[in-house]
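Two complexes follow with chain A in common, the first pairing it with chain B and the second with chain C.
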Partner chain A sequence: MKDATPEQPLSRLPKFPRQLDPAISTAFACIIVLLILGSLYSASFLSPEYLLQQLKVASFLGVIATGMMMVILLGQIDLSIPWSVAVGGMMACAAAAYGPVGETLAIPFGVACGMVIGFANGIGVAYLRIPSMIITLATNAVAQGLMVVYTGGFSPQDSATVTMRYLATGFLVPGVPNAVLIWAIVGAIAIFVLTRTTFGRSLYGIGNQERAAYLSGINTRRIVLIAFVSCGALSAFGGTLLAGYASKAAQSMGDSYLLPSIAAVVLGGTSILGGRGSYLGTIAGVILITLLQSILSVMQMPEAGRQITYGLVIIVMLLLYGRGPANR
Partner chain B sequence: MSEWRFWLKEQRGTLAAVGIFLLMFTIYVSNHPAGLTANVVQTASNKGVLLAFVAMAQTLVVITAGIDLSVGMIFILTNALASWLVIGSPLETSFGVVAVLAAGLACGALNGLIVIYGRLQPIVATIATGAVFFGIALLLRPFPGGSVNEDLADMMTGKIFGVVPSSLVALVAIILVVWVPFSRSVIGRAAYATGSSEIAAYMSSLPIRRAKFTAYLLSGLLAATGGLFLTFFTYTGEAALASGNAYTLFSIASVVLGGVSLFGGRGTAIGAVFGALAFRTIGDLLFVFDFDPLWQPLFQGVVLLVAVSLGAFGLFRVRNRLEWFG
Partner chain C sequence: MITSAIPAAAPLFQMDGVSKRFGGVRALENAALAVEPGRIHAILGENGAGKSTLIKIMAGVVAPDEGRMLMDGREVTFRSPAEASAAGVTCVFQELSLIPDLSVADNICIVHPPRRFGLIDRQAQRVIAEEALVRAGAEDIHPRMLVKDLPLSRRQLVEIAKALAWKPRILILDEATSALTAADVAKVFSVLMRLRSEGLALLYISHRMHEIAELSDECTVFRNGHNVMSFAAGTHSNGEIVEMMIGREYSNAFPPKPERATDTATPALECRKLGWTDRLRDISFTLGKGEVLGLGGLDGQGQRELLLALFGVLRGTTGSVLVDGKSITLASPAEASSEQIGIALIPEDRKTEGLMLPMTVRENLSFSVLDQVSRGGVINREDEEQLIDEMIKLLTIKTAGLDLPVAALSGGNQQKVVIAKWLMRKPKIILLNDPTRGIDVGTKHEIYLLLRRLADRGTAILFYSTDYDELIGCCDRVLVFYDGSVARELKGSGMTERALIASALNVEDGHVGTAA
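Presenting the complex of A and B:
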């Protein structure tokens, strides 16, 4: 998937379109098409309130997809998202039951539990060299087992703390939901880390070829470990936000985030083989997926139709620009 | 070294799986209140055979160094389909069985086409096709229900001559009809070669694409056989997301327990079948020892985690650190 077009004719173009990945422009074009389609269906689709509401819903996926993107940039994948999200939400709510101290530490505790899952993934992938999709499936199963034992088979009645609800639904800046603000902060940090730090550049390096990265003096195993821990932390943080949004945590709260988070990252032009992609694309992917979900639910498409549409959209978009190199 | 030692070395994973299964099953039977009776074996085989079919389906794809995260969903989809079609007169029923198996083949063919000609990563491609298959299953069975030809179902889940569980006979028959010809054919050897080193297989002008396509195709067929048997056991169809995900996960666990390398090119479907039977017996051990069923998901998760971590022992043999990065 190397850029085969010669440098010469492109250099005459202004800097901006030359840097724009075709995948990202496709994703943004699809967003505009979806908005137009939606406005044809319902006049209130383009109202600021509705769009802001969509952005708020998108920000939960945005936070989770940020972690997923770091892992995918490495050429790995994290399939433990569903229960990392659920563990984050449920453990934060569980901590809140222990008086004022528990209430203040609720979010850090939830995130820490997610980090533990990420740590197990990272150790497995980086140090034990187990394929990431296998070890993350296994930790996902263990996390699920732990939560089933913890709740005794029922959804816990613990509800979210005031802070969690405020973070997910409140307004610090008038007109801008806090969740969007949090995504903006997480996104800004992610852009800074990915483009301006050694760690970020190492992620791209390892994704391109871990062997080369290792030989150029990068402690690749530690970088992979940190990436998985961050992914677990961000998923769990997304889980605490979701728990705040719904006012309570539930066992199945993360199930609907695995496919969208992978799809958002991949639709944003990040190569599933690792080493290539930008956060701008992930933002586009997250908004695209959220709008798609929203339009499908506005059209009152049943769950079956939604699943089929998801799958097809992902396959078609991948076929457009996510193909591997030919075997020649 | 003489001939049989090569054979032993090649079949080490499979033999280990057989050993684990025999050990687990002995512990299970000796602690079971009823002991080794035909009914205990029948129940165990009926539960184990479902996973064994799905594990065989997963094995074929894993041998080519791919992975199929949609096997569980094909299993669910064919279950939902069978609850509509496998009913009525013997003629209608047999038509239904053929249609269900054909649906499985179609799902496998779709996966194969996307992975081979679309050149997409098997993980993402099969997650996406899995979503499509589950969606279709939901369309077919929005609510659990339907029915099946009960004569056929009872025949397939009962006992032959009052001793041998017929589901086990069916499993052996499927192994003889699908796995043995596949593993002995040129296509099967090419599948192993592709999984072992795709570049080397390409340079030796082996039919890589045909091998991979056959693997995905037969994988769909085997998953559909599993779906058919699920319908025979439950008499209904149900589009259960959790069940589909669990079977995908357990199929990977069984494959690993069965000594099939996830990097491809090593292992047999027979090993995976014994891996599946062992995995099911491990789950049943909890009941024999009177554990709270709540602990079962955690226990299975830990077994899976330990099983996949065993692969890390290969690291001790690595002499050059660069080999870490494969």
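Presenting the complex of A and C:
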């Protein structure tokens, strides 16, 4: 291999502008294309109300995709998203039925239940060395079973607390939905964690080369466990927000978040093999997916057509970026 | 200089002027070889002499850069192992290539299973397997047995049978006996001798001198990618052969070694009867502060395992390890590199074990000191920057920027990053696993200087290298490994290349001395 810059002394490159990942710029370009296409279809597509509404819908996916991104950065996957979301929503609503104490603890309790699922996933992947695809599917099934036992197979009657509804639908800052605010906070924390903490560095390191990370003295198993617990917590938190949005939890509320959350992360340029990706890309991916969904429903495309479109978009993006030379 | 007795008629197989480079490294240079039917031809040479490259070219695994190969006087090129095998050249590789959960017959016929109506014809497959097993002298193995149920020596025979199923004219055996016990070796030998009498040409690569003496008709010695000499077996003594394998000039300048007593009061590291499965047996040694202790011997005699064991990577080690006179447990790299113990391992393969290639120089360098440059899990960029700056100056790493991916650096600079990454922890004991392989002479020299400078400051260094020059030039003492244990300790003027090779091959040093 030839040295790219053989005799050049060490110089400091400015941190910005670092070259923007082509996947991220593509994702943003796609967002613009979708907006233009949508405005051709209906003029109200570019109205502030509509865009803000889309951003609000995107926030729920954004929170859930944040957890998914951490797991994907490790080179793993979490397929227990559907029932982590549902457990979060249902358990929060269930707690709400137990008087004022229950109401205060509704969200923490829902999130804690999601963390338990994430903990089981993490123990399975990190310590028992079960492939994440298997263990997370299994915990998903177990969570589903437990919820069916709990509800007796019907949609639960408990409804969301005032706080949950306020977080999902209220306006703390006039004009900015609280859900968007929450996503902004979660995103800011995620960016900080990914770029400035040892945990974030370790996530990228393990995703790139687990052996090297382990030999560097990183406690790789603990990092993997924490990532899965965070993913479970964020999914469940997303679930409590969704329950607040709909005023109550439903059995299938998480089903429509598995594929979109993976798609959003991958469309944003995070390598499905782990180790590469930035949160900016995930933001772009989440907005892209949400707009895509919206346009497909505005165009009155049936559910089946929507599913086919997601799947195809993911495949195309994977072909474009997932196996690029930068990965080798 | 080729003084071989090549007969006038075209040999079965011949190669001429074959060269192969990997990056900047000359693996094979203008090599020539002639193979006759009904003969066992031994290939000798030390680590990196070009033996494996030669075999890989013959077996179609890699393509030569230059030169030509002839079979029966006609030029041939092999683009894949399957093509080479179809032409009659088949290789039994060092690593067993059998799939444990398939049956013997499935394994033997794995590349071209006989088909009927598009499905595998199991009947025909069994017949082929039976025939091949009989030829390999393993008629007692049932073709329907699973490979995982066979003992190691039987598997080796299946491996040979698998090669014979191609009906080769030239059979190459690369270290085919390295995993076998003496009794099993005898079994394999009788098979090989019978194959020779059937008119097969056998190319036999082994590090075991007595095997070569017992088995071969002809020998060719390789050194530095050249074939030095071909001769009939028995015409040269072991001592002379070792001379041929060495005979090269010293190309690297090494820093001077300090004169001092080798035994210090409390050694930095002491191993007592360290063992791990059957790969490490009763390893005992002490490593003083400021000492550079070399690990020598042929590749794969347990040196790597020793380093990994000391770094806490291996599970189930026996015996005890003392650091600064205190017994430690070998639990994980995180513990081994903690401040109390202070061990660092410069790993063997920088691409998979040392670096995260797509990540930046900065991120790679600070990866092993994340705990030291952070507070409550948050990285302090100034502390990080300062430590990195020091290291980049100390090791003169040439990079256009800390935020470039480390993959953009040259091989030598990448290796410096690996070393720098570990020096940032200021370790008391450094374990090096063949750190100069595949890097340029200039960087090698810098690494030698660095090691000596660290040792002068009191760091204890355990240095495994496959390059004998390096061991002699850099180390105060060398432990020569053979078959998972320390065969001999060499020091001072006793550290000669001849003594190193002789003990690595486990032949008597006196033997070499009298012959020379």
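Brief remarks follow.
Here is the rule we go by: the second predicted complex is superposed on the first by the 305 of 328 C-alpha atoms of A that agree within 3 Å, B and C clash if a C-alpha of one lies under 4 Å from a C-alpha of the other, contacts with A are read in each partner's own complex, and residues count from 1 in each chain.
In this section, contacts are C-beta pairs under 8 Å (C-beta built on N, C-alpha and C of every residue); 3 or more make two chains touch, one makes a residue touch a chain.
Nothing here was measured: the structure is a model prediction, and the numbers come from that model.
Once the two complexes are overlaid on the shared chain, A:202 sits against chain C while remaining clear of chain B.
Look at A:166: by the touch rule set out above, it reaches neither chain B nor chain C. Applying the stated contact rule after C-alpha superposition, one finds that A:211 touches each of chain B and chain C.
Of the two partner chains placed by the overlay, neither chain B nor chain C lies in contact with A:119.
Applying the stated contact rule after C-alpha superposition, one finds that A:130 touches chain B and leaves chain C untouched.
Using the contact criterion defined above for the overlaid structures, shared-chain residue A:275 touches chain C, although it does not reach chain B.
A count of residues in chain A touched by chain B and by chain C gives the higher number to B. Taken together, the two complexes place residues 211, 214-215, 326-327 of chain A in contact with chain B and also with chain C.
Chain A makes touch with chain C in their complex at residues 1-13, 15, 18, 196-199, 201-202, 204-205, 208-209, 211-219, 275-276, 326-327.
If you check the complex, the residues on chain A that touch chain B are 77, 124, 128-131, 133-135, 137-139, 141-146, 148-149, 152-153, 210-211, 214-215, 220, 255, 258-259, 262-263, 266, 272-273, 302-312, 314-315, 318-319, 322-327. Taken together, the chain B residues at the contact with chain A in this complex read 67, 69, 114, 118-121, 123-125, 127-132, 134-139, 142, 198, 202, 208, 241, 249, 252-253, 256, 262-263, 294-302, 304-305, 308-309, 311-312, 315, 321-322, 324-326. Chain contact summary for the complex, chain C toward chain A: residues 23, 311, 313, 332-334, 336-338, 345, 347, 352-359, 363, 366-368, 370-371, 374, 377-379, 381, 392, 397-404, 408-411, 413, 421.
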